[in-house]
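Per-chain residue numbering starts at 1, and chain names A, B, C and D are given in the order in which the chains are listed.
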Amino acid sequence: MNLLVTAFEPFGGQKINPSQQILESLPSTIAGANIHTVVVPTVFATAGPAVVQAAQRESADAVVCLGQAGGRPQVCPERVAINVADAPIADNAGDTPSDRPIVADGPAAYFSTLPIKAMVAAMREAGVPAEVSNTAGTFVCNHLMYWVLHHLDVPAGFIHVPYCLEQVVDVAQPAMSVADMTRGISAALEALVQGRQAPAQGAGALH
Amino acid sequence: MNLLVTAFEPFGGQKINPSQQILESLPSTIAGANIHTVVVPTVFATAGPAVVQAAQRESADAVVCLGQAGGRPQVCPERVAINVADAPIADNAGDTPSDRPIVADGPAAYFSTLPIKAMVAAMREAGVPAEVSNTAGTFVCNHLMYWVLHHLDVPAGFIHVPYCLEQVVDVAQPAMSVADMTRGISAALEALVQGRQAPAQGAGALH
Amino acid sequence: MNLLVTAFEPFGGQKINPSQQILESLPSTIAGANIHTVVVPTVFATAGPAVVQAAQRESADAVVCLGQAGGRPQVCPERVAINVADAPIADNAGDTPSDRPIVADGPAAYFSTLPIKAMVAAMREAGVPAEVSNTAGTFVCNHLMYWVLHHLDVPAGFIHVPYCLEQVVDVAQPAMSVADMTRGISAALEALVQGRQAPAQGAGALH
Amino acid sequence: MNLLVTAFEPFGGQKINPSQQILESLPSTIAGANIHTVVVPTVFATAGPAVVQAAQRESADAVVCLGQAGGRPQVCPERVAINVADAPIADNAGDTPSDRPIVADGPAAYFSTLPIKAMVAAMREAGVPAEVSNTAGTFVCNHLMYWVLHHLDVPAGFIHVPYCLEQVVDVAQPAMSVADMTRGISAALEALVQGRQAPAQGAGALH
């Protein structure tokens, strides 16, 4: 089994992107699956095609995209990607779309085809705070997730990670070390490879 | 023009629901449109049908559903409703669905057909903190929004409001007075009735 | 009875200071006491002397200083002022002290001599979220509170208030309307004038 | 040099206390100083005497007390302890004091006699988010800090730490791994032992 895991370059004035550091820390195999990695630009126009191309090149059986969600305290598999690009800041190519569809005439949304609740359960068992998120935002992360789910037929989805400690040594923001996040992501990937099931129980959000 | 505005009964151990109090404070007409109101139970099975029935009874030209988002500091028109019921707590009828589709074979999501950015701009002009939200959660609020957008052909959507002051006099949570929220909702409804446009500018979320 | 209530000018890039707007909204008498007001600069060197001078001019029987605590969701009577000026930003005169004593050889701290728990109880009864705070920070607010308690013999203390709505219409921060805060402050002042007692019950903070 | 580092037993319904886990992870010497440790009950009446006794037994040249500040995202050396016990919950012996002085006729407060800013700088250099805190609350942590500063003549103070990851795997709260916090505390202790100075710069809080 070939697993493609992707990360983003730094954006929004940050010098590092924890998703990239996690990627560099992942082992080459997890539960017998080969881990392939690619770091893509935080750019609306090119992130999606770069991941689709890498998935085809590596004959990926599943694709897990990682990205930074600064300010969140938990590692969050995303439930859904929506068909809109709406940018509060410019992407790394200077693009600032406003309510622009990602795919003209595409469906309003795609649900993740990853086992998001099994991934959350596995991360918690590994001692890493995790929760399903119901919004990936409307910036490049959501864009990439929508693009990949629209263009690929294999299981795919997105996981948002907190800031890493180095980014907030003098800022009052939740964060997690790259080592802890890597342990969490590894556990999530193992749950994916092993086809683990999560118990059927409500785990949603009131709002 | 007939405008239907809806609210929910209290839930989750709360004795009041600010959406209901706002409803009772709204004037009978706004910018010449008749304001019709209905309070529905916080129950997955019945909230949607109750609003659809009220919309037909009142010949509603647009439907704006209100609900409580305890902990948020802003009034938030929701951008999208997703086709899943996933309950962190029981609804008022004891229902606790887990990853249950709202409409079998329905689309993954519906975008609000209200002018959400014009509504946000109007609320801010009225001095009321407001922002577009990209998730309505997976509880009864999201359920109602999805149901209404699936079953009605008129402009429709959902606005989440903060706790009101009375709910948090001894709790460290953001809140707003019913009077301020009513002023905000009135401004949003006026923007809807008058067909106001928002300037095209990014107003999305990074994650 | 003469009550002096003070407020600060805007600081830190803000165009308004809610404490000043509350001051302008207070009635001229509360429970039979005359309300005297003064707005002082947000300047370490001059705020304290200006309030002490006003207290003497008005023959104040008690002094209640108000100030902005942006980001807090509750109106907070302060429990204690500490003998240090340590500025994260420049005051309005450009002063940025670092660990500078307010009064050389002064005691480490003064406790508020206002009935802070009775004030909190009164504000909550008036429907306004309130809580005792155990730190007034180390900027000009704490400085003024320490100065006043060091130099005056009448009951004195400080109440921090949240941002007002106008300051955060497009920012995700807790806030309260000037009208609600004025209602809370009026209730707190009434409790002071009437010598109300709070029930003896723990109301502190874990940390 | 003999350094006494203390921690608390779990309280408030928690099964673990990260301060205790950090204590167990500290090396036996840091920068040539012997590290002595003691875990004390989270009890107003006994925590202070237990630490004073341990300090005398170990001939401690400095005392650093650790405690949990659940919800904070940073490791926080405390600036000041105030002479009041005011309990929002019962301590582990069932004591719930309300505005009770810690030492009758004691001063209102004691400033930490640890190099708190040098400790913060050292932790940040070690990659661990840290900040000076201006309140240790009014529960057992503040009580212990006040007691120790009142009864001992050696440098002493308190450092609050966040939840550890295990405590919040399914809760949306900031946290840090025991390993990261141990690295931070070790760096802070090293700064203490080596008598490091912090650059004179404002690092206070607005409120």
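One rule holds in what follows: contacts are C-beta pairs under 8 Å (C-beta built on N, C-alpha and C of every residue); 3 or more make two chains touch, one makes a residue touch a chain.
Molecules present, by chain and UniProt name: A, B, C, D = Pyrrolidone-carboxylate peptidase.
Predicted model only: the values in this text are computed from it and were never measured.
Asker: Going by the touch criterion stated earlier, list every chain that contacts chain A and also contacts chain B.
Answerer: none
Asker: I want to confirm something about chain B and chain C. Since they are copies of the same sequence, is their interface symmetric in residue numbering (over half shared, so same) or not (under half, so different)?
Answerer: Homomeric contact, same residues on both sides for the most part.
Asker: Centre to centre, by mean C-alpha position, how many angstrom separate chain A and chain C?
Answerer: So the centroids are 46 Å from each other.
Asker: Using Cα averages as centroids, what's the distance between chain A and chain D in whole Å?
Answerer: Measuring from centre to centre gives 37 Å for this pair.
Asker: Show the residues in chain B shared as contacts by 2 or more other chains, in ascending order.
Answerer: None at all.
Asker: For this entry, which pairs of chains touch?
Answerer: A-B, A-D, B-C, C-D
Asker: If we count contacts the way the header does, which residues on chain A are in touch with chain B in the complex?
Answerer: Per the stated touch rule, the residues are 12, 67-70, 72, 79-80, 82, 84-89, 96-99, 107-111, 117, 134-139, 141-142, 160, 200-207.
Asker: Please output the residues of chain B touching chain C within their complex, sorted ascending.
Answerer: Against chain C, the touching part of chain B is residues 73-74, 123-124, 127-131, 165-166, 168-177, 179-180.
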